[in-house]
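Each of the two complexes below includes chain A, the first together with chain B, the second together with chain C.
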Partner chain A sequence: MTSQPLTVHNWSRAILHLDVDAFFTSCEQAVHPELRGKPVVTGLERGIVAAASYEAKARGVERGMMIPQVRRVCPDAIILPSDYETYSLFSLRLFAVLRRFSPEVEEYSIDEAFVDLTGLRREYCGSYELIARKINATVTGELGIPVSIGVSLTKVLAKIASKWNKPNGLTAIPGREIHLYLAELPLEKIWGIGSNTAALLRKLGVRTALAYARCSEGFLAKHLAKPHLQVWHELNGRSAHPIITESKSSYQTISKTRTFTPPSHDESFVFAQLSRNLEDACIKARRHQLAARRLVAMLRTQEFRDAAIELKLNRPSAYPADLFRFLREGFAQIYRPNVPYRSSGVVLAGLVSARNLQYSLFENATQVEKVGRIYQAVDELRERYGKHTVQHGSSLLTQQRAQHESERGDVPQRKTNLLPGENRKQRVGIPVLDIEV
Partner chain B sequence: MKVFCKRKELYEGAQTVGRIVSGRSTLPILSHILLQTVDGHLRLVATDFEVGMDVAVPASIAEEGSVTVPSRVVTEILGSLPDAEVSLSVDENNVMELTCLRSQYVIRGLPSQDFPKLPEVQGGRSVRVEQALLKGSIEESIFAVSSDETRALLTGALTTLGEGMIKMVATDTHRLAVSTMPAPGIAISGEDQGSEGVIIPARALRELARVLTDEPGPTLEIHVSRSQVLFRLDGFQLVSRLIDGQFPNFERVIPRECQKRLTINTQELLAALRRACSILPRESPNRVVFRTETEGLLDITTEAGELGRAHEQVEVTREGDPVEIAFNGRYVIDMLSITEASSVVMELTGSLNPGIVRPAPTGEEPEGRSYLYVLMPMAIQ
Partner chain C sequence: MKDMKKGTIDHTKVQSRVATLKQFYQRKGRMPSFSEMAQLFRLRSKGAVAKVVDQMEKQGVLRRDSTGRLIPRSVNHSLRVLGAVEAGFPSPAEEEIADTLSLDDLLIENREATFLLRVSGDSMNDAGILPGDMVLVDRGRTPESGDIVVAEVDGQWTMKYLRKRGESVTLVPANARYKPIRPQRELKIAGVVTGVVRKYK
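Coming up: the complex of A and B.
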């Protein structure tokens, strides 16, 4: 029974999953070659580990660990502030490399992609595994970051394959071999099966991924929901999750959150952070011509206690001037004096198209229109002179003090070592290698 | 309890009160209706604590008593039985046996003592008014009530029962309907309570309008106290909580003058708007642009993104400058579909100013009659 393959088709489709190993720290090691092979950690500005290199992980550093604890368990760790600008440039280049091999690329996250390779064997005169090797060589050669790759018949199987041998792994699972990989695989390792579903399945006598794949459809339909049935099809080599190639353009919510160090209990400073979050979220909403019907304000204390409040707006808007009234009201309800806060955030929810604005009888439509024109001008200035060229006074405190202020100077190097012609707000979109020539 | 009723009468009674019953109540008994023998009638009662309704059904009573039974099940059974006499008998364990010809159902009820009492409306102001007048007022205003539960004040209509007139006002902040009916036969007694107007929940008014007739019929009795209102007809009562608070100052938003005036045939405009809106997605805000580019014609356009667009023309008589304005088409349709006038007048100023839609005057309106519908425009872009 266990030796019987799940499908006789070896490559009815070929889906590749690529995952960058320790993405943030790998980028740092790519632009600072002297850091290769050393324990590197990012997240200094937030005070917790955002990413740790494999060398650091081997020494016991984990994601989410507090920085002082990192210093204890791994005293020689190199702890860097996060440089999201460089990471996102690496991400863009990674996807560009993949699109050279196949037009069907799904940008699943900043460092993960699915690529449909079906039918490309003739083009590359070799197996899917060989194409995967070429992709691996190109990415490591051009970007200098290590990746793990899995190739199989479906997205769920490709994900199992890429995790099979991390870091720097490459695993191809043809249809006839699926059962060999699933035989001992715990249920939680399947993409789409959470701990609760796994616990339920174990109570029903299903203990491994293979047992799950061999369940009858009727049995699963009786006990589980449709998404789990799709996972079951995928495990059996029948594709149920399509590759989504469009980049994301529709949003249900837009959120902007930032951490500030050191934590602050200065009321006007904390509100300024929230105000900045709101401005950032509104900029993004306006870029996509959306307007929010609800606004969520969040504050997180130094003890990681969250307070949040959702406010209903009287009409959809993406103009901070309209929303400040609600933000102040919400802030007054969740802010506690003398409590140090470490991060703030804003979520714009209930997004609708901004093009269908219905004016209200009880407010002045001319005024509403005027506000719209002001922000149009603000957006044009931003396009030309950089983000926050014009900003609200309530956000000003975030600029007078650095976001991350301490003796460590927690600003990524890319923002301090500028190229000629660059300034604090505008930089060219290329990662800069830190090499003395 | 043991009673005999006509199937049709019992079914209609159960259906009427059943509309008050909420499907998702946390209190099981609120999904029940109360059956009670009173003065040679079977009384059916339902409530959701906000609105309560009470209907009397003719019955021959063999044994007095009362019980509560699940509303939905009983109404469904009654709805599908043949037209014949129905017998209801209830034992001491609140188990009701429903028999009709060769059909027999046994339904487990709950004790009637547990059923919440309808609030008594005491003191206040008493009004007697012709049914058709109030029904007309409700129909002209109720659609403009807000469905947004977070703005409780706007989920009801401001109702004024004054000397010789009834006035009903409703708004959801995008539009405002003001209906004034002369009521020469209105009789008012009791305290001054409610002469300033009370906010009656739209739910209560909707259910009331279903029961009222358009024809001249018995007058409707209304009692208004500080927090409740009671409507009474022969064999029918509806009690509702009033919405507490200050209704927005609606007089302020009614434009006092206009620069442009369009007179349009109601049915032509309604048909054109319905067609033009039919291409818009269901959840969209139904933006319709009104323009007078050609003399004597009103251009009506809608844009449905990738799907396409619509362009309709209707004949118009225009006074003043050309018009360009966008409205939510659904809002205009709401008003056009209830008005009896053969043509309507749109009074407009700028594309950012509120406009008024009202029935075109025929010169035959009774003294004191007025109806106006104020609409706030949408952005044209």
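Coming up: the complex of A and C.
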């Protein structure tokens, strides 16, 4: 049974999955070449590990670990504040490079992409594996970051392939060889199968990915839900998850969180953080012409205890002025005095297109339009002079702390070591190499 | 010549019609319907209006939204950009300006592979690269002899001219106070310098 292929078609489709190895720290090593081969950790400003280089992982550093603990397990670790601006630039470049090879690119996350290569063999005069090799060479050559690539017939299989041999891996799984890769693969390693589903499957006598792939459709339909059935199709080489090429226009939710160091129990300061989260989230929503129907406010205490509240808005909006009323209400319910808080967050949910919004019956349409015009002006000012040129008074307190941050050395080098003409808010959109020549 | 005339667009007529549309839009705050346009343009059928609208769409004066309704593109505010509509036949100067390069386009050939680097040393002074300058480094280019490259030589970073002669590779400075470098163990070229930016003010 194990020798029987799952499908006789080798390449009915060719889907590539690419994943940057240790993305944040790899970006750091790309712009600071002297950090290559060394244990590097990012997340200094948050006090916990956001990313660890392979060298750091080998020394026992894990994601989410507290920084003092990192210093204990790996005393020579280079611990850096996160430089999200640079990471975003690398991310944009990554997707741009992939689009040179195929127009069908799905930006799955900041450092992960799916690319549909079907039919491109003729164009590149070679196998899909060869195209994957070219992609690998281009990304590592031009961007200087290591990637792991998997190519197979479906997204689920491509993801298994890219994880097969990390870091710097390249694995191609043609249809006739799928069963060889699934034979020993634990169920949890399949994209879309969680630990609960895996436990249930084991109770039903299904123990490996291959056994799962060989289940009958009727059996799965009886015990599992539709998404798991789609995974089953994908494992058998039949595509059920299309490549979504729209570049990040359909956000299901938009969230913005901030950790402030040191923690604070100052009520107005904590609210200012939340207010800034809301402003940031709304900026992103407006950029994608979306409006939220629900708002979630979250606070996290120094002891990592979370409190959150979800609020329903009277109408979809991406204007903080409309939302502050709800935010204050929610804040009053979750905030407890004299408790030190370490981070805050806002989630905009129930997103709808902001292009043709309906006003509710009892609303003053001119008033709503007026608010819209104000934010249009705010957005224009932002584009011209940088983020938060104009901001809400309730967010002002966050800036005092920002100055403290730079004194503590928690701000990435890129933001302190400015090029001529740059300022604190706006820098050139090109990664800067930190090399002494 | 007759055939040519058939395909070309009568610009003065289009202009006057755009002006009419503009007036209507400013007065009523909306676009006219096809039958209203027939009246405005003194056309007898909506089919004729459709042709005119098509023409305007091609010229970029009008746009349609996803439901097929008309959106003014230049009628309302960006008339100045089109210039042509207000000031008669487009002047050659206005036509040309649309095809200019930004400084970015001029300096950067391969956007994804280009990095900035601030120069600290003076070993390339005579090549016109001074301490404090920003150089653009292209990681995607194959370095050729004569290129200025950023390279790691035996564990040390440097920026020099690359000289290849047969099998031998030398890194040559542009400053008499420095000596050419012959890599002993290893030479890794990070990228080719494609431009220098110096900002005085």
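Please note the rule applied: the second predicted complex is superposed on the first by the 394 of 437 C-alpha atoms of A that agree within 3 Å, B and C clash if a C-alpha of one lies under 4 Å from a C-alpha of the other, contacts with A are read in each partner's own complex, and residues count from 1 in each chain.
What we mean here is this: contacts are C-beta pairs under 8 Å (C-beta built on N, C-alpha and C of every residue); 3 or more make two chains touch, one makes a residue touch a chain.
Predicted model, so just to flag it, every value in this text is computed and none were measured.
Within the superposed three-chain model, A:Arg93 lies in touch with chain C and out of touch with chain B [touch as defined at top]. Judged by the touch definition given at the top, the superposed model places A:Leu396 against neither chain B nor chain C. In the superposition on chain A, contact is made by A:Thr366 with chain B only, not with chain C.
Contact with chain C, but none with chain B, is seen for A:Val428 once the two complexes are overlaid on the shared chain.
In the superposition on chain A, A:Asn314 makes contact with chain B only, while chain C stays out of contact range. Chain A has more of its residues touched by C than by the other of chain B and chain C. Contacts of A:Ala137 after superposition on the shared chain: neither chain B nor chain C is touched.
By the touch criterion stated above, chain A contacts chain C in their complex at residues 31, 33, 93, 96-97, 138, 141-144, 419-421, 428, 430-433, 435-437.
Against chain A, in their complex, chain C makes its touches with residues 108, 110-121, 123, 132, 134, 136-137, 139-140, 150, 152, 157-159, 190, 199. Residues of chain A that touch chain B in their complex: 312, 314, 352, 355-362, 365-366, 369. Chain B contributes residues 150, 171, 173-176, 248, 253, 284-285, 287, 328, 352-354, 374, 376-379, 381 to its touches with chain A in the complex.
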